[in-house]
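Presented below are the structures under discussion, each in the form of structure tokens.
Two complexes come next, and they have one chain in common, chain A, joined by chain B in the first and chain C in the second.
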Partner chain A sequence: MLKYFAKRILWMIPIVICVALLIFSLMRLIPGDPARMLVSRDATEEEYLNKRVELGLDEPFLTQLGKFLTDTFLHFDFGKSYMTKTSISRDIGPRMVRTMELGLLAAAFAMITGILLGITAATHVKKWQDSLCMIIALVGISMPAFWAALLLIMLFSVKLQLLPPSGIGGIQYYILPAISVGLYGTATFARQIRSSMLDVIGSDYVTTARSKGLTEREVIYKHALPNALIPTITIIGGFLGQMFGGSIVIETIFSIPGMGLYLITGINNRDYPVVQTCVILLSIIFCIAMLLVDLAYAMVDPRIKARYASSKVKRNK
Partner chain B sequence: MSANEEMIRRLAKDRLAMLGLLIFVAEIIVAVFAPLIAPSDPFAMDFTSMLSAPSSAHLMGCDEMGRDIFSRIIYGTRYSLGLGISVVVVSTIAGTIIGAIVGYFGGVADAVIMRIMDVFQSIPSLLQSVVISVVLGTGFFNTLLALSIHRTVGSARLLRGSIMGMRHMEYLEAADALNCSKLRTILKHVLPNSFTPMIVYATAGIASAIMSASTLSFIGLGIIAPTPEWGAMISSSRNYFIEYPHTVLFPGLAIAITVFALSVLGDGLRDALDPKLKN
Partner chain C sequence: MNSKDQSAPFLEVKDLEVFYSAGKQKVQAVNGVSFSLQKGRSLGLVGETGAGKTTIAKAILRILPHASATVKNGQILLNGTNLLSLSEERMRDIRGNEIAMIFQDPMTALNPILRVGNQITEAILHHSSMTKAEAEKHAMEMLEMVGIPAERFGEYPHQFSGGMKQRVVIAIALACNPALLLADEPTTALDVTIQAQVLHMIAGLKEKLGTSMILITHDMGVVASSCDDVAIVYAGQIVEYGTLEQIFDHPSHPYTRGLFNAIPSMNIDQEYLEPIDGLPPDPTHLPEGCYFSPRCKYAAEACKTGNMPVITTADGHLCRCCQYNLVAKDEKK
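Up next is the complex of A and B:
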């Protein structure tokens, strides 16, 4: 199994390089010349050409690409922002931390509420609690994150004046964004946990646990839940993808200076290096997260472990 | 075909899925007959009723340009629903072609295309759509393309998976033994048998495509104002929503109801097609 994961980690290197290559090339296809945008409207042709040289845009595509790849992957230097002229490698650090904080909070929120809803539904199957939990889950799936964010601001910041509508600071600034990003996760976790709990509750070892005279609480939390959580791990992958995408939009709504806001500002300013860096780093984080999900899945499920251990290894996503 | 009848019978018993189907069909009708249903021109500006609250004259009020929100939502079905359905149709066709080729022939084509798809799948989907739509620009067809690429990879993988699973089935060996051409085998035997997972994936896909499309439009990519796409409507009224919540409430509800309908329909289809749940 170790060999399998070592192979997966090594595979990430060419994939990340290809992502970088793809993004770099796409950036060059964007209509609109960044040098033209950066010089003033009445700049002379000479000023414009100088700007192009300054940004390195006058060199042939392949030279630019080669320089970009060696700088990024050998020196971990993402270049300078066209707009602010500051080093992206330095700027990106705190932004990455904020995006990760938001992501982790959202994931924690989604897990906790999702598990609670799922268990409540599964232990009251076909009763009103079940219907209520599943309706909440369906509403969560149906609402666009950005719309939910606006509604939350309306309710908690404007009407109740409990939480700040935007900016950064203490934990209270992260509550509404985390809920907006995590809502979709809550809903998918709740649905998955309900169905896998129902599978598990009917199984022999749960009947055994009951007949041993354990309380219902012990049966559910000690015996049924750990096993019901195993299939849930697989949907974390999809949730993470959603979360990284969602954070781009949510950060702009709540003005959180994370990677999402950096990316959108970069796009609006034709700031190629910023956009490249954000996309590449978000993809690397995403790949690592997916790998960890697969690893966790293999660790907890002995059947999968056995399959990886056997010689015939097949990649599955 | 009795298997299909059985499936339809089971689907018909699922009341929530039927509600989803009803809403979906109703919205398609609304999209087709939008000019007949909408009370006023969705682009007509009326500065005397700017940001006016819902009333009998304007069922859902007016936006910041004094345009009738109800009419805009009616016309919006054409863009939002139209985009969602087109994305799924385009990506399913493209994905089927790619998936059928790699799944059936295997070998070098499979290895190369799968590695390319790995690269695409390691970029989070919305991020990918954002980058592509920045490159292509705004508008219906550019957004269609930006959203289809990620889904094409997904459906190609799905089809490849199910073809891999049936490659050594006896009926394919039989087709081979009868000297059936490869093209004919794929069209007549392979595709019909991989149809069910594709249908479920496609139904859920319309919902997620609508969601992604509205998100793109919200951040100013995708389809932009004054076109009445629902996400674009929310985006353009965003600065007024605290004083005039109706401007973002109704377009958002339109998205939520549509996604809800398609999600429950997708769930219903999946359950109806799952032989394990037969009772």
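Up next is the complex of A and C:
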């Protein structure tokens, strides 16, 4: 088990290096020149060339790449932003914390509401509760996050004046963004939980559980739900990716100075180091999240755990 | 072994009717089943796949899928209390405690992600005032009783073989010392050597605990080795009912006789078996009159209309056939 996860963590290194290579090359392939954007509009050709030298953009591609890789992976130095001239590692810390907070809140919201909706639908199949839950899920899945965000702002901030429309501060600033990001997850989870719950409720071991005289609550939450969660865990991985993507847009709408907003500004300004750092960090977060999903699999399902354990035994021989 | 000691029956099922609705179609699974069971005896419910045997058992325990199944009519009396009119809460006290069920397929009857020990303990905790530690100890004793070492308490179902899983299922069913055991084809999914072991074990435990049993099967051999009474089920009706001797020595219903004829004989060299022609009726469109009449070589005009009367041939031997005289004559030939 431990060996399996150690191996998975080692595998993250080549993955992250590949991501770094890709994003480095992509940024230099897309049109736009950071030096041109930094100098004033009526700057002379000489000023522009000086800027390029200052940023190190005049060097050959491979030299730049080598410098970038050694700085990033050997010295853990992400460099300075072209625009603000400040250290990226210092800037990105609080931003990453905010994005993670938003992401975790959104994930918690999506999972709790999704599971509740899914269970309600499955235990009242073909009744009005089922239809209601599935309509909510359909709306959630069809509505783009940015539009949901705007509607939520209109209702809770403008009309009811209950929650702040933008900015950062206490937890109340995170409620609307978390709902906007998590809504899609709620809908996907609800649909997945409903269908896997229906499978599980019809299975023999649930009948066995009933035949022991357990209450309906015990049957559902102790016997059916943990089994229904196994296929749901798979989609959590995909959902996490969706969520980070979504948070870029949502952070812009709610003006949350997180990684999303930082990345967007970086892309618009062709601020190469900022974009590279953001993407590398996101890929690391994503790898860790996927690893946690796999770990969760093994926690829930002893059969999968046994497989990890047995593969370990085989390797020891 | 005699049906003379007629005290009030322990379990009595009267005119049970169950149907499943699938879309617009109505599947008549059980059509007026009545039987009774004395304490400590075993009743074999024999019939083809789809005859409604499992539905009868699930109706007794009230674990039919409530979305699709409806108990239209009937009474199920356990010591005089009608189970069908009990509240769900009261019924939960009976399930697993007074009546327990062994399921057909041990591969799927256990929850794959719970330790087997906990699956047994759970039932015990629910029906007794034992503490968790006591219940676990009792669960380990149950495992030992069905021949599984107590050390395997903490293992998961995938670590057990099919026969072992069925033992665990039996341990769950017997954990609370039920008065009535519903065994739904407990050996069908197992290979023959394990079958014998499991049957032997059920018989032994039944003896030890004084449990009554309804054994559902389509295997006449299993019936012969473990039942006192036999009910032959066809298309959701009991077509013949009697003691083991009555059914095996004097099968009176044409269907029962057909079942026996389809068993290869050990003492004559038989080239072909004698099957019952035709297929069981479609439960969404049951035939008029006797449900067996389309396949019956004795069928007369009287068989094609109306309800078939139940005729008592010998002491307690019931047969749902108006041509049984002809059948009996045939037997003598």
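Operating definition for what follows: the second predicted complex is superposed on the first by the 300 of 317 C-alpha atoms of A that agree within 3 Å, B and C clash if a C-alpha of one lies under 4 Å from a C-alpha of the other, contacts with A are read in each partner's own complex, and residues count from 1 in each chain.
In the analysis below, a contact is a pair of C-beta atoms (placed from the backbone, for glycine too) under 8 Å apart; a residue touches a chain by one contact, two chains touch by 3 or more.
Note that this is a predicted model, so its numbers are computed, not measured.
Trainee: Answer with clash or fit: chain B and chain C placed together on chain A by superposition.
Mentor: Chain B/chain C on chain A - fit side by side.
Trainee: Looking at A:Met299 after the superposition, I want to know if it touches chain B, chain C, both of them or none. Which is it: first, second, both, neither?
Mentor: Touch status of A:Met299: no partner.
Trainee: Would you sort A:Thr215 into first (chain B), second (chain C), both or neither based on which partner it touches?
Mentor: second
Trainee: Going by the contact rule stated at the top, is it chain B or chain C that touches a larger number of residues on chain A?
Mentor: Partner touching more chain A residues in the overlay: B.
Trainee: Thinking of the overlay built on chain A, is A:Val125 touched by chain B (first), by chain C (second), by both, or by neither?
Mentor: Second partner only.
Trainee: Contact-wise, after the overlay, does A:Gly202 reach chain B, chain C, both or neither (first, second, both, neither)?
Mentor: Second partner only, chain C.
Trainee: Of the partners chain B and chain C, which touch A:Ile112 in the superposed model: first, second, both, neither?
Mentor: Neither chain B nor chain C is touched by A:Ile112.
Trainee: Could you tell me the angle at the CA centre of chain A between the CA centres of chain B and chain C, given to the nearest 10 degrees?
Mentor: Between chain B and chain C, as viewed from chain A: 80 degrees.
Trainee: Looking at A:Pro226 after the superposition, I want to know if it touches chain B, chain C, both of them or none. Which is it: first, second, both, neither?
Mentor: second
Trainee: Tell me the contact category for A:Ile288 with respect to chain B and chain C: first, second, both or neither.
Mentor: neither
Trainee: With the superposition applied, I'd like the minimum CA-CA separation between chain B and chain C in Å.
Mentor: It is 10 Å, taken between the nearest C-alpha atoms.
Trainee: Along chain B, where are the residues that touch chain A in the complex?
Mentor: Residues 118-119, 121-127, 130-132, 134-135, 137, 157, 211, 214-215, 218-219, 231, 234, 238, 241-242, 245, 248-249, 252, 255-257, 259-260, 263-264 of chain B touch chain A in their complex.
Trainee: Which residues of chain A touch chain C in their complex?
Mentor: Per the stated touch rule, the residues are 125-126, 202-205, 207-215, 222-223, 226-227, 230, 300-303, 306.
Trainee: Taking the complex as given, what residues does chain C use to touch chain A?
Mentor: 58, 61, 63, 65, 67, 92-97, 100-101, 103, 105, 108-114, 119, 122-123, 126-127, 156, 158-159, 169, 172
Trainee: Which residues of chain A touch chain B once you look at their complex with the stated criterion?
Mentor: By the definition above, chain A touches chain B via 11, 15-16, 18-19, 22-23, 26-27, 29-31, 138-139, 141-147, 150-151, 153-154, 158, 240-242, 244-246, 248-249, 252, 263-264, 267, 275, 279, 282-283, 286-287, 290, 317.
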